[in-house]
Structures are given as structure tokens and as C-alpha cells.
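Quick one: this structure, given as C-alpha cells, is what I'll be asking you about.
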């Protein structure tokens, strides 16, 4: 515990900034490109088309069971690339730090980022740090942009979902959302709740290799949960989606916490899961491929695309009834009624 | 108006007749636990009992007998429904 | 989850679906008193398979829906005061007053904290001695005893910076007000399960007798709901009208006396404003003088602002079961879940929200 804090000087570009870079960032994120510390990273071209994405991370709390804001930032951007079938190549890392932020916490996050990058095989090649006065930020905000390359033969998009396609989710739902929600004072519960944050690019590549042409859409159901993402897919493809309540994979702890607080797993964020829309006749094969991976062990077929009112998602209940699943309109909130 | 769920009592504290003591229980369901209050529960529970919880307060101590009665009530119809209607 | 999953099991519930079809022998109109019942019935898909002849209307048992606009405005006014932190159930966060919601107040810097339990609000007060923590009290008999216990705990621990703004309401009173209106024609009541845990199944007997209403006290799981509807249909079909308790695992005939005692210690009956229903005598609860130190209205010298109901909003009639959401000119056009005009749309169990969310294919 050093007790050292981030100062405005650390964002000024002067010696304090240089020191932060060499003592902290390069210590953990070191690679040839980053080390050169140029204004831009010059990269080699790869075959295929360029994929480019950006995301910002402002999660509170910044440390939570299963991860932290840094890990989330790396995985989130890798996954955005993977969802278009791109092989992630590299990341940028932009930090906005609040004056007074603990240096130890920053170090912990940078270590976490470096581990996530190393495990995923995707380096940070360029970065930036700014510091804002105390009260003008919330400890740390992170932006990661990512570049990847996608083969000429791969065309994955929400628009491509077809009637008869199966909806597969790569694992249990609601894990991340409920973990973050229950970290707040006044809503705390004890138990094994942890974020599911993880990179999915390896799983996706396996799926694309085994089922070329049959994977029509990939989406990661982050904010708004599976319900909101499926509504977007239904809307983009002009089709309806029919789900089965009984098929949804949910951890018992997640379900119990949701029951207690009046929340629904379908609407809670996931950070290590993807929805795959695949040709109906390849559904079982796709499921087997996913279940054979570490990331997709608990994958399940949860529904299908049907003709019908465009943009509509319904879920069939165990007694043979049905209800409409609308997208989330704001943040999910615990309730007593 | 009322989200309330049954959870199992894992510890009990306080004196039911003395509201200056903290009347608290810890409860559990499927590995999720929380501290809740016993100030308004009808019957003081023992460890292992189930209580129905609303907004952090136990509103009722569930008695096994009542639960069995409830299931029987719901089942009596199920059992009396002729086979041909069950498809 | 034990004592929950068994009642959702489809092997128990499916036969009841067929039985419900057989039980409806003449047309009937049942009021779901409780908003949670409205929502559960939609959520389980029971709405989509309801037999012809059985009509369900939603009643006033949605605490957020019946919170008057002037109370909402007072809540928001409180949140905007410096040095004050308001603590609320999540249900209240997006409810609109006549000018905005607590969510909007939060966006302009008001301290609005969402809690799961009123005791969490008391903890907030203990951990933030420099602030006045105001717990915004809404709810019916299920919720009130916990709020009462929290006030008692605050007194016993000598906490000086915790107050409650009570808009607590009681159930049988508005039902009397609704049922005495001949325009409301219902044959039976699906009585709220958890309110009945506190007040007892027997509390519905006077209404049942006076208005010749079939009354069934039901739980919230699939089998509970189906069974409740079956019994209501049977009572109305045969004319054998009474109060039946089909939730014995949570509800006793005489209710929870200990909870009732706690409420009587802290609160006394008072007239209360109900959104859409107006002022109903002795339908609410006010904190007794003995506990005035914990009464937000006394400590902060609050006068309730006069608030206007939004034009065209039919929430009042919807709460009375006189209109369905589709009959409201604002439903799904100007009034949607992302832009709610009235409380019936904001509350997750509000009739309009439930219709919008679950009933779109009707």
C-alpha cells in the first residue's frame, strides 16, 4: 500500500506523466509498439476487411467479484470485434482519472488489463491518460478502441437472421448485472455471485470454422440483457423471436437474488456471453461446438426466429401460455411490489 | 403489491419481546443470503425454519404443515382431472 | 428454491389450466386487487390462455400507482432540499409527479438512494450523520409493519437524522369506496396474498358479505394463481359465495397479530389521498405524535402542493377497474414505459405497464 494518489500533474504531459507511463503502464503493458511511445502506433496490414470498435467503461464499483473495470474494458472491446466475426488485433487504452484516485488501485487495474490482454493474445498498442479535478470524474473512466480483421467470406449482422434460425446463448444469463447491482449499499446480498466477464473471440472462431455460412448473427447481450438484445435483432431482421422460459440457463444463485430483489435475469447485463443466431438445421451442431469450449460449456438453445410481427419477442411459459418480452426502458431497478 | 419469498433461517438473534435488542436473522436460498429483521414476524423462527420475507422483514414463519396442506389443495384438482384432459 | 418451485411446477399447474376452462360456467368479472397479481398473471402466460367469459380487471393495489401527484411532488421537493438524502424503494424512482420524477431530480444532483428495505435507509442515516435521511413511505399492509419497526428501531437507537414521510395506505377502505359505486360491476375479488398475511384472510369477510362478492386469497405462483381463478369461477358459478384461502402457507385467517401491534404502536389511521380515487377517509396511516421526531411532515414542516392530474390520463378510472388501458387516449401513444405520463405506466405492476409489457398481442 503506497498511499500515493493521482495528481493533476499526472495528466499534464510533463515529467509526472512520463513517470506514470514508464513506472506503471510500460511495466505491465510492455510490447514493442507501445514501448516506442510515438503519437500513433503504425501497424501491419492483415488480410481481410478492417473491423473497428470503441467502448467506454464507467462501472461502479470498479472492483467486483469476477473482475474489475480494466478486465471488463479489454473483454468488452474484444467481444465487440468478435461479434462481427473479426479476429481482434490490438487495442487502444484511454484513461480519464479523477484527481486523488489511489495509485494502488490504478496499478491493480493496469495489472488486470495486462493479464486480460496476455490471456486473450490482444495487446494494447497505444494509450492516453488525462486527469480531471476531484469531483469531476468518478475514480476512473476507461475507453478502449479495438481493431480486428474479418475474412471476406464472413458476413455476420443482425440483419442476416432468417426465419427458422435457432437462438443459442453461450451460457448462463444475468450473472454480471446481478453482481454489480448487489454491490450497492442497501441492496447487498451474500453468496457466490460473480461477473461472467470473459473474451469470446476464440469461441467465435471455432464456431465460424465448424459452421461456415451458417452463423448469421452474433451479439453480446450487455446492457439491457438478453431481452433487449433479442428485441434489437428482431427489429433489424424484420422477424419475430419465440423463446422458451424453461430453456433459459440461469444459475440458482442468480435466480434467488433476482427473486429477492424483484429483478429478471432476462434484463440483466452479461459480459462474457453471446447470442448466436444460426441456421435451424445446424442448431444442434452449433450447440455441440459451443459446449465443447470452456467459454460455452453451458450453452443452450433458447428459441427461434419466426415470421410474424417484425421486432416482436415472445416467451412461452411452462403452462403453455405466452407473454411478450419488451426491451428495457432504463436501468433495471429492485422493487418491493 | 408485494414481492415476498420464502427463505431458510440460518441464524437468529435477539429477544422477541424486547425491541431494544436487534431482532435479526440470517436467511438463505440457493446459496444467496441476507440479514433480515424479525421484529414483525408472527412466530419466532428456529434455525432451519422458513420465513417469508418482504422488504427485509420476515412477515410470516412458514409451517411445514401449512405448506403440505397448500400443495395438497393444489394437487387435489390435478389428481381428479381425467386422463384425456391432460394431453 | 424451496416453497417456491413446487408451486411453479408445470406438472402441478398444467392440469389446472384445463380445470379452469371447465370451471367457467358463466361469464364473470373479477378484480385483481393487487398489482403483483396482475403482473404475475401476465408473466406466467395465464392472461394468454384465460377462458372466454372470464374477465379480469385491475384494482387499486399498486402502491406507486395510487400515490397522489401532490405526494410525488412533495417527495421530489424533499429530494431537492440541501442536506437531505431521500431513500426509496426502486419502484418510486421513475414515477412522474406533475413536473418530473425522482430520477430527474437525481440527475440534477439530488441525493436519491434506492434501498431494498427501510432498515437499509436507517443504516444510511447512521452512516451519514451530517445528512437528514428521509425514507419515502409507500405501500400497504405488507410493507407498513416493517416501516413501523424501523421507526421504533430508530427511536431505540436514538437516531436523530432519520425521518419517514408516510403515505402508507390500507386496503379494505378503498375497496369499500370502489364497490359502493354501482357502475363498478364485479363478481369477485382476487385478494392480495401478502397483504392478507398481515391482515388475515378473515379481513375480507365484511366486504364479501356486504357486496355478495366471491373472495379468494391467493398466492403468486402459477399453480396458486390458477387455483384462485378456478375457485372464483366455481363460487360464482354455483352461487356459493364466501372467502376462501388458497394460500395457507402464508396466510392465516386471523393474520399476523404481532405485525398489527407494531403498526398500531407507531401509526394511527388518517384520511389519505389516492391518485384517481380522491380522498378516502381513514384509508391511510399517519405517524403518532409520540414518534413525531421521525415524521418528515412534522420535522420539515411540509405543506402538500396542489398538483394537477395530467390531461387525458385515465389512471384514476383504470385503478377503479372502469376502463382498460387501451381505452385511455394516451396509452401507447403519448404514454409509454419510456415516457410515462401517469403512474399506471411507470410502476412495473401498474395496469398499463403490465398491458404494454405483456399484453401486446391482444
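Chains here go by letter, A, B and C, matching the order in which they are written, and residues are numbered from 1 within each.
Everything below uses one rule, namely that a residue touches a chain if its C-beta (ideal position, glycine included) is under 8 Å from a C-beta of that chain, and two chains touch if they have at least 3 such contacts.
Source: prediction; values computed, not measured.
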Winner on C-beta contact pairs when A-B is weighed against B-C: B-C
Chain nearest the overall C-alpha centroid of the shown protein atoms: C
Geometric centre distance via CA averages, chain B-chain A, whole Å: 37
Cα-centroid distance, chain B relative to chain C, in whole angstrom: 21
Chain B, residues touching no fewer than two other chains: 1-3, 5, 29-30, 54-55
Set of chain A residues in contact with two or more other chains: 252, 255-256, 259-260, 262, 335-337
Shared-contact residues (touching 2 or more other chains) in chain C: 1, 4, 14, 35-36, 62-63, 89, 116-117, 120, 139, 143, 349
Residue numbers on chain B that touch chain C, as the complex places them: 1-6, 8, 19-20, 29-30, 36-37, 39-42, 50, 52, 54-57, 59-60, 62-63, 66-67, 69-71, 73-75, 77-78, 81, 85-86
Complex contact set, residues of chain C against chain B: 1-4, 6-7, 11-12, 14-16, 18-19, 34-36, 61-63, 89, 116-120, 139-140, 142-143, 145-146, 148-149, 152-153, 156, 192-195, 197-198, 219, 223-224, 227, 230, 246-252, 256-259, 262, 349
Interfacial residue positions of chain A with respect to chain C in the complex: 184-187, 246, 252, 255-256, 259-262, 309, 312, 314, 316-324, 326, 329-330, 333-337
Complex interface listing, chain B residues touching chain A: 1-3, 5, 7, 29-34, 53-55
Interfacial residue positions of chain C with respect to chain A in the complex: 1, 4, 8, 10, 13-14, 17, 35-36, 42-49, 62-64, 87, 89-91, 93-94, 103, 113-117, 120-121, 123-124, 139, 143, 222, 226, 337-338, 347-349, 356-361
